[in-house]
């Protein structure tokens, strides 16, 4: 068995006195599609920020294709092949959709660093792939909300990642838009890219992820195939208890 | 189509500003050309070229990378002092050409060193820290005896307005050329990405630290070159004439009025505003400064994206535009 | 030893002046998120009002402080209402530019009216001091120190105990919610800026008694105010007081360090600024 593409071991992140991630460990193989689910505040986005080196770890390690991420700069992680989207989209607003995507192709992983002219060609391909075809010339402000999500995915994809981290790219979309987005995820996965899909609404990823990891209060609650995981009483409680949990956090004033 | 028009305009402007100075009184007489300019007008054109350098160089770090430095005048001063020190008869006593070589180098090295801490700061902090750097550099140099203290340095007088015009014009052309090249290259795309969202740029693989430093160093080198030419031209430098904080703000004002983040905006802003200042009061004076202050306020409020926005057709100059830009930013 | 004690006393008294210089700046920055580059010019305006009243009418400089405050409040209120409110939602860089423009206009108006000559306010008791063993405490500086701290206390009280203060705090923490409960945003912004300017006016009046003034003297004050706020941390009057006093100590002892001197005042301030920003960006007492 070969080494995993991504290996998290005892990843820990604290903010002041709050432990946002507490000894989180799991692996992800080359080309695998894994869902990361958990109620609000479980630490999903924090984990993603650790993976893309926006945060420094307070303990544990993250290895990507054998490299320790802690020793790398943010851009080096990206160039090594970790692409990501942001839950709250962060487009380059003065640019067109096509230019946004071209930035990914211009700077992405080392094997894909392209001169400007070719970067724009790649951008056009990726724009078609995510279903933004024909709207590449629009400024970000002129795009619809779902299209901005697609743009976020396209930009990350243009870096030619080996691992794509998708942070709630389906939140706030209507059912037909979700179906469309799921198609895009499947298409990307079919091209051989490993994907970690973060979703709050677990039903969304049940259909496409062979394996899910459940995060709760910064810890891995359990992992396995979705049908078993979703029936597990601990997972049900984590979700049902959420409203209560939120009330508790709210009264502490840090929710 | 539009780019072809722009190309023709550029070539025409370069030709005009290359040939026109030959018609200044003395050289015109020597070459049998009609005298269209007098010496003070030629000096005015040199000053305009100088501000094109300063403004376009500021645009690289402030307009493209989105790090509005309020301290670029430090690089002008350092460049001027570098040249002055090497050419002053009491110090280096070297030819002007050698002195000019040092003028971009010294500020570039300084920018490299101070850039690492400064460019980690953002927003207000970056702006004020750069402002403080400029004031501090002026003050330290003012206190150094081997740099002439408060008296300053005196490079040898070279009586050729035409030479210094062409040097400054060359520096301006170089700066605009460098900007043009940057904007088409990977570097330029990376800088704009940093300006729009630094973290997003980083996770797409942009080496943000390195790119910001490069932009800062390039801006410093070009600004320093203008300082070096100024030192030779003025044959006298001290803190008051090469470290004025007003210059820092003037270059920002010119870039913003013209339209920062573009190639032509800073040029248009520098030429237009400096020409206006010279027409009004010969370049200095209390009332010019008051006017500058008012202009600053008016620009910020009514033309936040600069006049070039209208010229290249991204916005129409209408009352509705003013109302819209006001509504977007006011309470 | 006695030299050290004397320097310590002067440093603390100077720190009081810095508190006065920074307190309005801190308010405007903390509440409105505006770095007010015309703050130094406001201080100089206050100084000139005191100087004029002293020179023309023989009014004691300390008695003219309320007039400084009132005049600068009016100026600040009108500027915010008429100009700055219009770009308050633009990128921060624009308010920087706008306030610099205001600074430029004010400084040069002052130059046109008062010329660039240095002026000083010298009431009859200017040279007097309290002798405590080997240490002399200049009475004017002591008074300025006391008034600076009084100003800080008044501002703190205003922010915590009055309706205006509550409105200002509300606007700072959530603009939209504040509007929903009926707070007039434009008025509150203008009030805040006006209060900041009034503090600058008082600082100017105080400064005119301890230093010579000229229209272009304001720029370092803005820089100093910035350093004090960064040093202490943004967001509370106490932080500004701590920052101001600390900065007084740094300036006095920094300038007496070997190889340095009064000519290095701004360079020292800047060095402190950069070190604090790198080591502890939220300031000593910052949140």
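First chain written, first letter: the chains are A, B and C, and each begins at residue 1.
Just so it is clear, a residue touches a chain if its C-beta (ideal position, glycine included) is under 8 Å from a C-beta of that chain, and two chains touch if they have at least 3 such contacts.
Keep in mind that what you see is a predicted model, and the values were worked out from it rather than measured.
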What is the shape of the graph in which nodes denote protein chains and edges denote touching chain pairs (line, ring, star, complete, other)? line
Note, CA centroid farthest from chain B's centroid sits on chain A
Average the C-alpha coordinates of each chain, average all protein C-alpha coordinates together, and give the chain whose average is closest to the overall one. B
Centre-to-centre distance between chain B and chain A (centres being mean Cα positions), rounded to whole Å: 43
Separation of chain B from chain C, taking each centre as the mean of its C-alpha atoms, in whole Å: 32
Distance from chain C to chain A - Cα centre to Cα centre, in angstrom: 48
If we count contacts the way the header does, which residues on chain C are in touch with chain B in the complex? 29, 35, 83, 85-90, 92-94, 96-98, 100-109, 111-112, 185-186, 189, 219-220, 223, 226-227, 230, 261, 263-267, 269-271, 273-274, 277-278, 281
Note which residues of chain B are touching chain A in the complex, please. 184-186, 189-190, 192-193, 195-197, 199-209, 261
In the complex, chain A touches chain B at residues 52, 54, 73-75, 77-79, 83-84, 86, 90-95, 99, 102-104, 106-109, 113, 115-116, 155-156, 159
Under the definition above, what is the set of chain B residues touching chain C in their complex? 68, 70, 117-118, 120-121, 123-125, 127-129, 131-133, 135-136, 139-140, 142-143, 245-246, 249, 252-253, 256, 286-287, 289-290, 292-297, 299-301, 304, 326, 328-331
